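The data blocks that follow each hold one structure.
Each of the next two complexes has chain A plus one more chain, namely chain B in the first and chain C in the second.
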Partner chain A sequence: MSAVLGISAYYHDSAAALIVDGEVIAAVQEERLSRRKNDPGMPQRAAEACLRQAGLEAQDLDRIVFYENPFGRLERVVLSSLRAFPRSWRHFPAALQSQIGSKIWVLDGIAGALGVPRGKITTVGHHESHAASAFFPSPFEEAAILTVDGMGEDESTAIWHGADTDLRCLASIPYPHSIGLLYAAITAFLGFEVNEGEYKVMGLAAFGKPSFQNEFRTLLQLQADGAFELNTQYFAFHTDINIAFSPRLERLLGPPRRRGKAWDLTGDETDQRYADIAASLQWITEEALLGLAREARRRTGSPNLCLAGGVALNCVANARLLRESGFSRIFVQPAAGDAGGALGAAMLGAIELDRERPARMTSAALGVPICNDAARALCGSLGLHWRYPGDILDEAADLVLRGKIGAFVRGRFEWGPRALGQRSIIASPADPGMRDRINQVVKKREPFRPFAPAVLSDRASDWFAEHDNDMTPFMTTTARVVERQAGDIGAVRHVDGTARVQTVTAQASSDFCGLLERMERNGAPPIVLNTSLNGAGEPIIGDEADALGFFMSHPVDFMVLGDILLEKGANPS
Partner chain B sequence: MAALRARLVNPIVWRVPGHAARKLFSFSLAEHGSMLDLASAAHLAPDPERRALYLRHMLDEQRHARMFAMRSADLRLRDGRQSLGFPVADNEDLFERLGELRFLAFVHRGEKRGRQQFEAYRDWFQGRGDRKSASLFTAIIRDETRHEQYTHDLLVELAGSPARARAEIRAASLWEKWRIWRRLGRVIAEQAYFLAMSVIYLISGPFFRLAVRPRAAGWINHGAAPDAAHVPPPSREWSAA
Partner chain C sequence: MKKATTASAFASRIVTVGQLIGHFSTGRRIFMLPLLILILISSLLLVLAGGLSYVAPFVYAIV
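The block that comes next holds the complex of A and B.
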C-alpha cells in the first residue's frame, strides 16, 4: 500500500491532499493556514499539515502528484497569445513571465519545499484531476463525469466515463470556449472579484429576470450536441492579463458596475438591471450545463453523473441538472474547484500504486483539528473568560433559540469553500431579520447574499423538497422550501423560494448533528442558519488562534471552541 | 528620516489626482502583509502569552488594512472610479524565515517608521482641513505607538539585554536593505524581461499568426465509453440557441 500526496497550486485556491493506504487522511486548502484568501502559492503549510495528521514525514511519501501538466499549460498560453496577435501584446510578456518565472518550475519547487527527490513527483492533467476528484470519492460504481472549468492545460470542458478504478476521457471542448471564463468575465463586469465573486453573482441572479437572453446567446452559442462556442470578441482574458471583457461587451450590455458601490435592489433601477444580467448569465449557464449533461448521458448511458471544476460549485445549476438532465443521481464533492484538483491528483496516484479505488467521501472534515489545550491557554493569555458547560451542545442550542449569534468551532475544519458545521456561524433560521443582521453587522457583505440552512438529514423532508440526494450533505445544491413551513425558516429561504440546504448526519459531523438534535429536543425545528466563519475578505477560520481572533473582532454573542464556551457578556467585544 | 521624507513628499503624494486613493490602498496592502506575518507568529510562537500579543497585533493590522481600503474606496468612488477592493498582500513568511527575535526587531522598526510617516500625513491632512483622513491616521498612530512599544519591550526580554536587542535591530535594518536591493533587482529584471519578451513577440508574432490556426469550437472526441453502443442519438430539443 502507499502514501500519496496530491498538490494543486499556482492558479488559485492551492491545496494538498494525502491518501494513505487508500484512505483520504487529510485535505487542506492553503488559505486556511496562510490566512491569504484564495492563496495560489505553494501549499507548503497545507502539505505539512496533511503529513502531521498522518504522523508521516515527507520522506515517507511514495509519490507526490501535481494536478496539472505545467508544460501543457505553457504551450496553451503561448499559442493562445500568438493567435490573438497583435491584440495580445500586453498579455504575452506578462503571461510568459508568470509561466516561465515560476509555474514551469513547480515540480522542482515542490521537491525543494518538501525535501523529497524530484523523481517522486509526477503530474496528471488538470481535467483528469478534476474528474478523479469528482468520481472516485462518489458513491457510484460507474458514472458519467463532467469537468467544467475556466480552463485547464488546453481544455475548458470535458466528458469522462468512470468505472471502478478506470477513468476515460470521451470528449473535450478546447480553450478559449469556456463557461467558466464567461462567468468570470461577467462577474468582473458586475463589479465583483474574479475567482471570488462568482457565488455572489449566483445569489444576485435570484433577484433578477433573465431579460438579456438574446445578448447572452450572442456571447455563448449553444449547439445541439451540447458543445458551445464563446464569442471571444466580447472578452479580453486572452489579450489582457488584467481585464476580462472588451469594450464590445460594454456596448452589448451597457456600462459595467463600479466595484465597491453599495447595492440597492429595492429601488435602484440600475442595480436591478445588473441583477437581470446576473439572472441571464445564470440562465445561459444552466442551459449550457444541461446540454453538456445530456450529451454526457448520451455518450455513457450512465444513470449517474459526477461534476467538478469551478462551474460545478454553481449549486443552483446543479439542482436544475438533477431535475432536468435525465440523470437519476448527481454527486458534487465540496471542493469542486481548483483546490479539489489536489484530491483528484492524490487519488490518481494512489490508484496507480495500489490498483484499488480509495474509500468514498462521507465527511468533509478533512482539515486540521482544534487543539483544546492550546485554545484554553490562549484564552487565558488573552484574558478571555470561558467555561466548560456540562452539555456544551445543549447550551449552544439554547443560546441559538434565544436569538443569539454564535460561532461553532469543533473538530477538523472542512475541505472546500463551504462551512459544514466545523467552522460555522450559527443562528436561528426563523427570523428573516437575522439575515440582515448577520449580513450587515457580522459579515459586512452585500444585502442580497443568502444564508444556508443545516438540517437533520432524517427530518429534512418536513421543510425541504428535492433534498434527498447525494449533494445536500456537502451543500453543493439547492432545494425548494416547503411553502407551508416557510415561516419557520424565513432567514434561510432565498428570494426564489429555495435554500442551499445541508443535510447533517452523525456520520458526517457528530457534533453538528448533536447540536441540531438538541434544537429539536428544546422544541424547535432541527435547523440552524449556517454560514462560514469568516469576516469580509478573509478565509474561513483555521485554528484556535484564528477563532479567538474572530471572536474578539466580530459581534458574535458566543463561541463554542472545542470543549469550551465563550460568551460576549463575560468578555469585552 | 521616514518622517522627514514623508513631510517632503506630502505635497506631491496627496495632490496628484487619483494618487491619494492609490497611496492609501498601498498602506492597506502593507498592513495586510503585516497582518499575514503576525497571523503566522500567532500560530507558531511557542508561548501562549506571546501568541496572544501577536494575535492582538494581528487584529489591529487587519482593522487598519480595512480602514485604509475603505477610505481609498471612498475617494475612488467619489472620483467616479471603482474601488480597488480588498487588499491581498503576498505572504513573505517572515516569522519562519527570520526567527522570532529578528522578526520582532523587523516589526519594531516597521512600526516606528510607520508611526513617523503617519504623523507627518496626519499633520498634512489636519493642515488642509480634511478631518476624515486626519482622524484615520490619528486612530492608527495610537495603535502603531503601542505596537512600537510592546515589540521593543518583548525584544529586550527575549534578547536578554538592551544591547543585544539593539544588535538585533541593526541586523534587521541590514536585512531590510538587502531586501530592498533584491526587490530593486527584481523590478529591473522584470522590466528587462518585459522588453525582451515584447521584442520576441513583435518579431515572431506575425509568423506564428500565419502558422497557427484559430481554434474551432465543438467537441474533440477522444474515444467512446466501454458499453455506450446502446445509447440513443442526440436530440435537438436540448438546444437553447
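The block that comes next holds the complex of A and C.
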C-alpha cells in the first residue's frame, strides 16, 4: 500500500490532498492556512497539514502527483500566442516570463519545498485530475464524467467514462472555446472580480429574465452533438491579460457595469438590465451543459454522471442537469474547482501504486481540526469569558431560536468552498429580515446574495422537493422549497423559490446533525441558515485563532468554538 | 521538513530541462523545438528589457 500526496498550484485555489492506504486522510486548501483568498502559491502549509494529520514526514511519501502537465501548458501558451498574433504581442513577454520564469519549474519547487527527491514527483493531465476527483470519490461503480473548466493544458471541456479504476477520455473541446471563460468574462462585464464573483452572478441571475438569449447565442454557438464554439471576436482574454472582453461585446450588450457600485434591484432599470444579462448567461451555460450531458449519456449509456471543473460549482445548473439530462444520479464533490485537482491527482497516483480504487467520500470534513486546549488558552490570553456548557449544542440551538446569530466552529474544517457545518455562521431560517441583517452587517456583501439552509437529511422532504440526491450532502445543487412551508424558512428561500440546501447526516457531520436535532427537540424545524464563516474578502476560518479574530471583529452574538461557548454580552465587541 | 540542498536543486532542474526537451521532441511537437529555444532567448531579453511583470485577472487565461 502507499502514501500519495496530490498538489494543485500556481493558478488559483492551490491545495494538497493525502491518500494513505487507499483512504483520503486529509485535503486542505492553502487559503485556509495562509489567510490569502484563492491563494495560488505553492501549498506548503496545506501539504504539511495533511502530513501532520497522518503522522507522516514528507520523506515517507511514495509519490507526489502534480495536477497538470506544466510542459503541456507551455505548449498551449506558445501555440495560442502564435495563433492570436499580432493581437497577442503585448501579452507575450508576461506570458513567457510567467512560464519560463516559474511555472515550468513547478516540480522542482515542490521537491525543494518538501525536501523530497525529484524522482518521486509525477504529473497527470489537468482534466484527468478533474475527472478523477469527480468519479473516484463518487458512490458509482461506473459513470459518465464531464469536466468543464476555464481551461486545462489545452482543453476546456471533456467527456469521460469511468469504471472501477479506469478513466477514458471520449471527447474534448479545445481552448479558447470555454464555458468557464465565457462565465468569467461576463462576470468581469458585470463588475465582479473574476475567479471570485461567479457565485454572485449565479445568485444575481435569479433576479433577471433571460432576455438576451439571441445575443448569447451569438457569443456561444451550440452544436447538436454537445460541442460549442466561443465567438472570440467578442473577447480579449486570449490576447490581453488585463481585459476580458473586446469593445464588440460592449456594442452587443451595452456598457459594462462599474465595479464597486452599490446594487439596486428594486427600482433601478440599469441594474435590472444587468440582472437580465446574468440570467441570459446562466441560461446559455445551462443549455451548453445540457448538450454536453446528453452527449455523454449517448456515448456511455451510463445512468450516472459525475461533474468537475469550476463550472460544476454552478449548483443551479447542476439541479437542471439532474431534472433534464436523462441521468438518474449526479455527483459533484465539494471542491469541484481547481483545488479539487489535488484530490484527483492523489487518487490517480494511489490507483497506479495500489491497483485499487480509494474509498468513496462520505464527509467533507478533511481539514485541520480545532484544538480545544489551544482555544481555551487563547481565550485566556485575550481576556475573553467563555463557558463550558453541559450540552453545548442544546445551548447553541436555543440561542439560534432566540434570534441570535452565531459562529459554529467544530472539528476539522471543510474541503471546498462551501461551509458545511464545521466553519459556519448559523441563524434562524424563519425571518427574511435575517438575510438582510447578515448580508449588510456581518458579511457586508451585496443585498441580493442568498443564504443556504442546512436540514436534517431524513426530515428534508417536509420543506424541500428534489433534494434526495447525491449532491445535497455537499451543497452542490439546489432544491425547490415546498410552497406551503415557505413561511417557515423565509431567510433561506431565494427569489426563484429554490434553496442551495445541505442535507445533514450524523455520518457526515455528527456535531452539526446534533445541533439540528436539538432545534427540532425545542419545537422548531430542524433547519438553520448556514453561511460560510468569513469576513468580506477573507477565506473561510481555519483555526481557533482565526475564529476568535472573527468573533471579536464581527457582530455575531455567540460562538461555539470546539467545546466552549462565547457570548458577546459577556465579552467586549 | 528537510529542505533540498543547492546540489540537489540543480540536479532537479537538469531533470526538468531534460523532460522539457523530451516533451517538445516527441510527435508533432518537434517543429516547436527551435521555436522554444528562440523563445527562451527572446524571453530572457524581454524580461531584462523590463517586460510586464504584474499578474492580472486574465493572466490565467493566457499563461
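Just so we're on the same page, the second predicted complex is superposed on the first by the 573 of 573 C-alpha atoms of A that agree within 3 Å, B and C clash if a C-alpha of one lies under 4 Å from a C-alpha of the other, contacts with A are read in each partner's own complex, and residues count from 1 in each chain.
Please note the rule applied: contacts are C-beta pairs under 8 Å (C-beta built on N, C-alpha and C of every residue); 3 or more make two chains touch, one makes a residue touch a chain.
Computed from a prediction, not measured in an experiment: that's the story for all the values here.
Peer 1: Check whether A:E193 is in contact with chain B, with chain C, with both or with neither, and answer first, second, both or neither.
Peer 2: The answer is both, since A:E193 touches chain B and chain C.
Peer 1: Tell me which of chain B and chain C touches more residues of chain A.
Peer 2: B
Peer 1: Looking at A:Q97, would you say it contacts chain B, chain C, both, or neither? Reply first, second, both or neither.
Peer 2: Once the two structures are laid over each other on A, A:Q97 reaches both partners.
Peer 1: Just to be sure I read the superposition right, which of the two partners does A:D546 touch: chain B = first, chain C = second, or both, or neither?
Peer 2: First partner only.
Peer 1: Would you sort A:A58 into first (chain B), second (chain C), both or neither based on which partner it touches?
Peer 2: A:A58 sits against chain C, while chain B stays out of touch.
Peer 1: With the two complexes superposed on chain A, say which partner A:E295 touches: chain B (first), chain C (second), both, or neither.
Peer 2: Only chain B; A:E295 stays clear of chain C.
Peer 1: Regarding the shared-chain residue A:G112, is it in contact with chain B (first), chain C (second), both, or neither?
Peer 2: So A:G112 only meets chain C here.
Peer 1: So, A:A374: does it touch chain B (first), chain C (second), both, or neither?
Peer 2: first
Peer 1: One more residue to check, A:L353. First (chain B), second (chain C), both or neither?
Peer 2: A:L353 contacts neither chain B nor chain C.
Peer 1: Based on the A-chain superposition described above, do chain B and chain C contact any of the same residues on chain A, and if so which?
Peer 2: 79, 81, 92-94, 96-97, 101, 176, 193
Peer 1: Which of the residues in chain A come into contact with chain B in the complex?
Peer 2: Checking each residue of chain A against chain B gives 33-39, 41, 79, 81-83, 85-86, 88-89, 92-94, 96-97, 101, 144, 155, 161, 163, 168-177, 191, 193, 217, 221-230, 258-261, 284, 287-288, 290-291, 294-295, 297-302, 374, 377-378, 380-382, 536-538, 543, 545-546, 548-549, 552-553.
Peer 1: Can you list the residues on chain A that touch chain C in the complex?
Peer 2: 11-12, 48, 57-59, 69, 71-75, 77-81, 91-101, 103-105, 107-108, 111-115, 117-119, 150-151, 176, 181, 184, 188, 193-195, 236-244
Peer 1: Taking the complex as given, what residues does chain C use to touch chain A?
Peer 2: So the residues of chain C touching chain A come out as 1-4, 8-9, 11-13, 15-16, 19-20, 23-24, 29, 32, 35-36, 39-40, 42-44, 46-47, 51-63.
Peer 1: Going by the contact rule set out above, which residues of chain B touch chain A in the complex?
Peer 2: Per the stated touch rule, the residues are 35-36, 39-40, 42-43, 48-49, 51-52, 55-56, 58-59, 62-63, 66, 73, 76-77, 80-86, 88-89, 91, 190, 193-194, 197-198, 201-202, 204-206, 208-209, 212, 214-215, 217-228, 230-236, 238-241.
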